[in-house]
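Going in written order, the chains are labelled A, B, C and D, and every chain counts its residues from 1.
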């Protein structure tokens, strides 16, 4: 039980000189994401799974100003918080991050990228509310892996398909439809949330971050293509 | 009377090692706002109320280069300046900031964000000069509180309504219509000024800053939606 | 004659611990302008007049990487170079900067801002090749002074008028038409150059920099207004 | 043979205090390119030829986080790797960079700039799949040299012509068509790759970097011109 943990051991979970320690890494990643416009106004979040523990950025904080001591740490097996900063609320994204971790992810990023929001609206208007975002023959697609358990990344002639789920009043209520989308499109490393943003995950921090960048690049490109009257697929 | 104050006490009002001291905080906030394009060319401003005093960025200075010693400090009750840097002019925004402070705000931010200006023009053209900016079903709306004295933030299905007032030749002449808008829409934490920008306030610095970011995000999104022919409300 | 100058005295012209010394100031300004997209690819430039001397950024250098020792220094009266770095070419903008200095400017900035280029094309198409850029009722107009020898800045109801001159094959050949525009619109603090960029000047560095920012803000806004079908004037 | 090299000599190839040493320079350049959106998600790359050696950024790394020790070093004559970091894969761009080096380049930059991708799509739609990107009478064109072995840069009245090649499934398979384009347009310092990005090279690092900036500026301007209905050539 979390309450029986040695306080020193608990604090050691967020104190390290290693910039790639999860507690440090989430801070530098989120500062970068802030400058990319992904986590403005306390929106969005990031979580890293390392060993049998999960580090999670708290809810309602300025993401570019976080310190390692702001992090929540959860035991992956028991789903109990090992470390829970008293001044913060746990992130409502936690069950969504968890859904990615149970499918092998090592890091999950949630952004409110405007390109993501706009693409969900364009898909709905032009292809219907059941449609996925689909695009093909864009080099950056090669930045996305083929799918869990498959070797290598998508090729230039592969179509990138990102499912879209409908938004709900409460973030945690997205969990069911996110998991459904994960089951229905088992190769996807990202799910768009209509009028909300996107969840992107990867095997590790490096992959989650670069996949999130590649997808955001493609979403921005897709919006610009629409403005110029260029189709997403032949 | 301000002139009778002990000079050492007055200088202590802008000298602190605490980065969250109002005199320091206004400087770091405005440097960030400059990089967001909100306070370009000496435009815009920021004010913080702490205890019974108000710190205010001066008029006509480069907002990204301010030093704590540039700050004006006003007594909230007497409205007299306790500290008034000789080389600077007080901000014409002062009575507008003050209007927010009398309604419980702890921090008020004024930006010349282009998204704000464009939205005021789009609302006027498409909905008439009496219309507010209204948008619904965008996740980031959840970054805005329900209203003064109410618990919690707007929900995803709540409509965000931001009143718009007409610009005047002199900034201080906006005070009357700003206060009128504050009375008519008592739940609003922001008022747009046509062809000018926006005033956003919050209970404290954290809230004012993150609410200002969330609103600016929504205004930018609204402009992009117009470019793409997407409606703001169903 | 420049060649008779004491080498130590000459080097002292670009060595100072004061960040506002012209040789230092041009470097920090240009680094900022680079991040604003104004001086990409060695384009654009900046010059400061202090006392009877002019400091000028060299031609063909990466503007964000300049060092104080890269600066040319010219005697204002004799137009001779007091300091001329052997590894650099003098800026072709020099006679244009000089034209501003003879009309009382203390600093002149030349940018290749894309908003400036686009506005010159939009004015030509929509108002003809003799037309100036004109806009009214935008708050940021108040960031521009009324004109040389006049007190105060433009008001919100004043129309901002920026003349446009045609580009020439060689930058220095713009001097004649720039001076003509300066004579014909003596209140202007900026001249647009079709398909090229803009020259903005001010009484001192602070004014030139903030006026350049205000004008660039207005030019960007004007382009966005065109995209959205919003008129520049009533 | 590479394997016979003295390990100390090999490591000396990437260890220097000189910020302009190729191994250091590639790192600072790529960090800058990341902030320009050119190498997001491990995309793009940069290579420098110095003397008889080529330094190349590895494949699949976050370009803004590279260290000098991440670099591959190749012997220009033998095309063998002198230094090959075990943890990295060599860049698939290597034969394309090499094609530029055999034509006298000292540095070659590959970006996934969205402006480049969009321009290739606009040219295809509006001028056909055999067309080059062509633009004229834009001042920034003067940032591009006339051609290999020719003196000076393009003039304002010269037309900038950038050939476009079709993308292939594998980056290295672009080599043939890139070399063909280099032969057919021997004056070009850049080749666009449809739906992919651009290769830009120059006599040295300074020229490659500033030419890449000038071209990207022109490509962005060209996209904005299309949005506003402005033609690229008279």
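Throughout what follows, a contact is a pair of C-beta atoms (placed from the backbone, for glycine too) under 8 Å apart; a residue touches a chain by one contact, two chains touch by 3 or more.
Values in this document were obtained by computation on a predicted structure and should not be read as measured data.
Student: Which chain has its C-alpha centroid farthest away from the centroid of chain B?
Tutor: D
Student: Given a C-alpha superposition of chain A onto chain D, how large is the rotation in degrees, taken in steps of 5?
Tutor: A turn of 90 degrees brings the C-alpha atoms of chain A onto chain D.
Student: Could you grab the centroid distance between chain C and chain D? Build each centroid from C-alpha atoms only and quote it in angstrom.
Tutor: The mean C-alpha positions of chain C and chain D differ by 31 Å.
Student: Please tell me the distance, in whole Å, between the geometric centres of chain A and chain C computed from their C-alpha atoms.
Tutor: 44
Student: Two or more other chains in contact with one residue: find those residues in chain B.
Tutor: Each of 227 in chain B touches at least two other chains.
Student: Provide the residue numbers of chain B that touch chain C in the complex, in ascending order.
Tutor: Touching chain C: residues 37, 40-43, 62, 112, 114, 117-118, 121-122, 125, 167-169, 193, 195-197, 223, 226-227 of chain B.
Student: Where on chain C is chain B touching in the complex?
Tutor: Contact set of chain C toward chain B: 137-140, 143, 155-157, 206, 209-214, 216-217, 220-221, 224-225, 227-228, 230.
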